[in-house]
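Chains here go by letter, A, B, C and D, matching the order in which they are written, and residues are numbered from 1 within each.
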Amino acid sequence: MALTGELILYLFKTKILKNSSLTRDIVNLRIAAPEDFCRKAAPGRFIMLGNDNNLSDPLLKRPFGICNWGKNWFEVVIKMVGKGSRQLGLLQEGALLSVHGPLGEGYPVKNSAPVRNHDESVIMVAGGMGIASIASCLLPTAVNDEIKREKVLLYGAAKAEELVLLDKIKECRPNLRIETITDDGSSGRKGFVTELLKTELQVAGNVTFACGPEPMLKSVQQVLQEFNSKGFLSLENRMACGFGVCLGCVQTIVGDAGSGDVKSAKVCTQGPVFPAEEVIF
Amino acid sequence: MALTGELILYLFKTKILKNSSLTRDIVNLRIAAPEDFCRKAAPGRFIMLGNDNNLSDPLLKRPFGICNWGKNWFEVVIKMVGKGSRQLGLLQEGALLSVHGPLGEGYPVKNSAPVRNHDESVIMVAGGMGIASIASCLLPTAVNDEIKREKVLLYGAAKAEELVLLDKIKECRPNLRIETITDDGSSGRKGFVTELLKTELQVAGNVTFACGPEPMLKSVQQVLQEFNSKGFLSLENRMACGFGVCLGCVQTIVGDAGSGDVKSAKVCTQGPVFPAEEVIF
Amino acid sequence: MVDLNVEIAPGVVLKNPVLTASGTFGYGREYADYLNIAELGAIITKGLSLKPKVGNPGVRITETACGMLNAIGLENIGIDSFITDELPVLQKLKAEVIVNIFGNNQDDYAAIAARLDQVEGVRALEINISCPNVKAGGIQFGTDPDAAASLVAAVRKATSLPLITKLSPNVTDIVKIAKAVEDVGSDSVSLINTLMGMAVDLDKKQPMLGNVTGGLSGPAIKPVALRMVYQVAQAVSIPVIGIGGITSAQDALEFLLAGATAVEIGTANFVNPAVGAEIVTGIRDYLELRNYEKVTDFIGSLQ
Amino acid sequence: MVDLNVEIAPGVVLKNPVLTASGTFGYGREYADYLNIAELGAIITKGLSLKPKVGNPGVRITETACGMLNAIGLENIGIDSFITDELPVLQKLKAEVIVNIFGNNQDDYAAIAARLDQVEGVRALEINISCPNVKAGGIQFGTDPDAAASLVAAVRKATSLPLITKLSPNVTDIVKIAKAVEDVGSDSVSLINTLMGMAVDLDKKQPMLGNVTGGLSGPAIKPVALRMVYQVAQAVSIPVIGIGGITSAQDALEFLLAGATAVEIGTANFVNPAVGAEIVTGIRDYLELRNYEKVTDFIGSLQ
């Protein structure tokens, strides 16, 4: 905050360095960024991304996880689901973008700002595009060098083609155990990723990081509770601003310890990652 | 009209074949088009052009003169003045467009639909982007073959760089006399194009075609009246639809002969070219 | 094949719920080059008055963010020319025709309604009580429940044609006005007309429009339109026709979901003259894919 | 150097006419990373009530064509937390602070105004009589001239702070309401608050927003805002603050031209948190280029 003299968030215009298609409607954008920005990136943090060529439709920027970064670039993986993501996903090399970020508090890994927990090894659970968030714990060299405590990656998607980023992840973490599962059985078992999680939780002493669609996060929460195991969920509530002023993204969470109350938290600044037991869906 | 079984207007999606910059803010787009469409093109007719990639901002299509055409393509020259023209002007080869047209009634040249007058030779007067409309009498091979009755091209612009399309015109009509004039004297004389017109009108028996900004057309009208000479003006009133339904483009013109009344005409369907003496500015 | 028939007023069953909005479809035949206008639910004519009307001077249209302002000023050819020159063409083209009417006062409205009463080929009248561009007429009727009721009652007496009252959104409580006209015999209501807006030309330091203010239409107004349609549909028992910013089948379906029995397409016709036919197809495909037997099962099914 | 000072209420001279709109600028310090908030004319806080308020459940925002709908439900930390936790920070940042207030009834409004009366660092109050998301409070006051006047009169009695009344656009005649509050001592008026709108989720067959309806903001509403500002500025003699869809210096200048003494930037802050500072610069450059000595010569100069 400017108050303390230290700039934590950046607002800048930049360029697409590369747009690679991962599937018919999922792309991987590599984007140029200032070094200061990249130093503040951390697993689970995100940015608000806007097309700089467009007029006022779409109007708002869109939130995407920073799934990888280096000295002066970062990457996002975008699934084109509506007008905003489609317009961004179709931009080519050289196109201009506006970026705010890095935003939010990420997963409690060693080098992320809020060190909440870093003892146990981590079960990573990704559902669909949740992989973009989970990948931010696995791909960046910065993270790679400091923590290597992931135990397994459990990755579910509708079908085999939608399991993206696996090659990259294998390259960065050759020894990581990866289990996939699909709705239609086209890769790994047929079923939901929470089934894989149940198996992993048979052994205690781990912490779970999960990102995916809300129904999946709900059942991850249930499973964790069942096994009385610790975990963190990354939420994707709708956002207008990304920096705590619109109150559009709030999530009901449990109130002060023991009070039985609930309170509302801004997913953009207090999250997007929350302790699993605190979220009230 | 479908009533008569003959389709006069076309509505189609197409591609940019080429975008060539003429100046920093003027481009020449070559656009693919069905042969039927091209057969209906004629000097002074126009199209409504919309960017097919955009969402709803800008919303409406924009009118541009068909300044040249061949068997299955046509060209427009676009000056980027606001959000609509800028977005279109920045599109590159392969970009998708929506087109309606050809629209309107053009200049009374031999092979254009409404043959109103084709005896005299023609003094062509272009002011600024009015050249796009005037060029439609000079560039197309179709026109070139049938009529060669232009006497001179009088072309005024703010400064030398803004005198566009001259090379092309010289190529198509090597024998055409061309006089230029600029506000700052950077090409030809310093002054307004109507001064050149006065000189030409010293000799009687010609007809004038003029296109340019409204103040220029007003003074062309005055000069013609002064010399009691016949002429046609191409107007550029704002248009929402281009095919006669919104009544946004209407121009006050003189009413039925001798009645002294005025009436309103739709520039898009009854124009854009009107006999000079009929227009009431 | 899903049944797209809708009854927009007692006895007025249209083959589908897609109509064209007044003032954006000319007198209909201008579109005959682009689509088979007989395939539309109905076309609604440009607003007609007893005598021809010239409209506003100066710039009449200007684009705004995702919308446009117009101040045409209800220019029209007058009811007699319409009946002799336009209506026969529309009948030949087999279009269903609804005539949009307005006047400067109650008598004008009644007179034009009476004039159309026995005219063949007119399915219903849409009473424009809401045009923001006519100072003397429209606006007062459209913004006061009593004035609106008294006007509609007068028209009701003058004709046996089904009556659709077209409501203004420039009011504090559109539900009140809808109920007021329902009470005096309006067979249905259509909404919304344009929102009153303005644009200025910074270079010239003048209003953009000759008329200073104009009516805002297009996608920009869709959220307001959808809200009003939803509110009115909850409150009245006559059919509601939804208008405002509809550019696609998805938009149209959203209005039907919110309770509209039919929709009118306005500004979108300027952008894509074939849009009406495309929306009919889009609605059919959507409902078929989801195994609806008839569109009326879908209408108002918002949870 | 052009003089950008404007007096938005008697004695409240701001260094420039660019303010931030309530609910889009948090309590101000959230933006301190992006711009020097002391360079803005003033910041207007999120709407504050006597007690903290939780807001609406479910989805609270959704994007529409060139705009957005919000149904936050006036969630806020309550006036006491604001005074202890936020205001000192704003004072340290040297921001000019205007506090936006609301309540569920007249007494609430008067109480919060009284509470703020002697608080240092508060330049003026903006009374939100127009939030469409509070059923019990806001809306009735904002849509009826008598209720608005009685509310503002009560607040007037409770405080000596300058009062800006923020008007709702969801009314038939905004000029009437503006005059009513002028008569009972409002020092200025600000307009517009959001237009009431709605969006539906076709897949889920449900309203998009948890609260069903929400407030429309952004470029889509600019023409309506500009029209109302122009109308009100013609009719009242107190300063008018223009709000609605302003995203650039050009937009801001258009409102000033139409008669606004100052402007508030809302939704645009979400898109570009530095927009306020950019607009100040843009206005200065525009006026300098045209040799204006002071912005007040430009205000209301529409021909």
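Quick note on the criterion: contacts are C-beta pairs under 8 Å (C-beta built on N, C-alpha and C of every residue); 3 or more make two chains touch, one makes a residue touch a chain.
Quick caveat, the model's predicted, so the values are computed rather than measured.
Asks: Consider the two chain pairs A-C and A-D; indicate the one with the greater count of contacting C-beta pairs.
Replies: Answer by contact count: A-D.
Asks: On a CA-centroid basis, which chain has its centre farthest from chain D's?
Replies: Using the mean of the C-alpha atoms as each chain's centre, the farthest one from chain D is B.
Asks: Between chain A and chain D, what is the separation of their C-alpha centroids in Å?
Replies: 35
Asks: Mind checking the centre-to-centre distance between chain A and chain B? Centres are C-alpha means, answer in whole Å.
Replies: 54
Asks: Rounded to a whole Å, what is the gap between the Cα centroids of chain A and chain C?
Replies: Those two chain centres are 47 Å apart.
Asks: Considering chain A alone, which of its residues make contact with at least two other chains?
Replies: 55-58
Asks: Of all the residues in chain D, which ones touch at least 2 other chains?
Replies: As it turns out, chain D has residues touching two or more other chains at 65-67, 218-219.
Asks: Looking at which chains touch which, would you call it a line, ring, star, complete or other?
Replies: Basically all the chains touch each other, so complete.
Asks: Along chain D, where are the residues that touch chain B in the complex?
Replies: Per the touch definition, chain D meets chain B at residues 65-66, 219.
Asks: Contact residues on chain D for chain C in the complex?
Replies: 64-67, 69, 143, 170-173, 195-200, 202, 204-207, 212-213, 216, 218-224, 226-227, 230, 245, 250, 253-254, 257-258, 301-303
Asks: State the interface residues of chain B toward chain C in the complex, per the touch definition above.
Replies: Residue positions touching the partner: 1-3, 7-9, 11, 50, 56-61, 84, 98, 100, 238-250, 252, 264.
Asks: So in the complex, which bits of chain B are touching chain D?
Replies: Chain B reaches chain D through residues 55-57.
Asks: Spell out the part of chain B that touches chain A in their complex, as residue ranges.
Replies: Contacts found on chain B: 53-58, 83, 87, 90.
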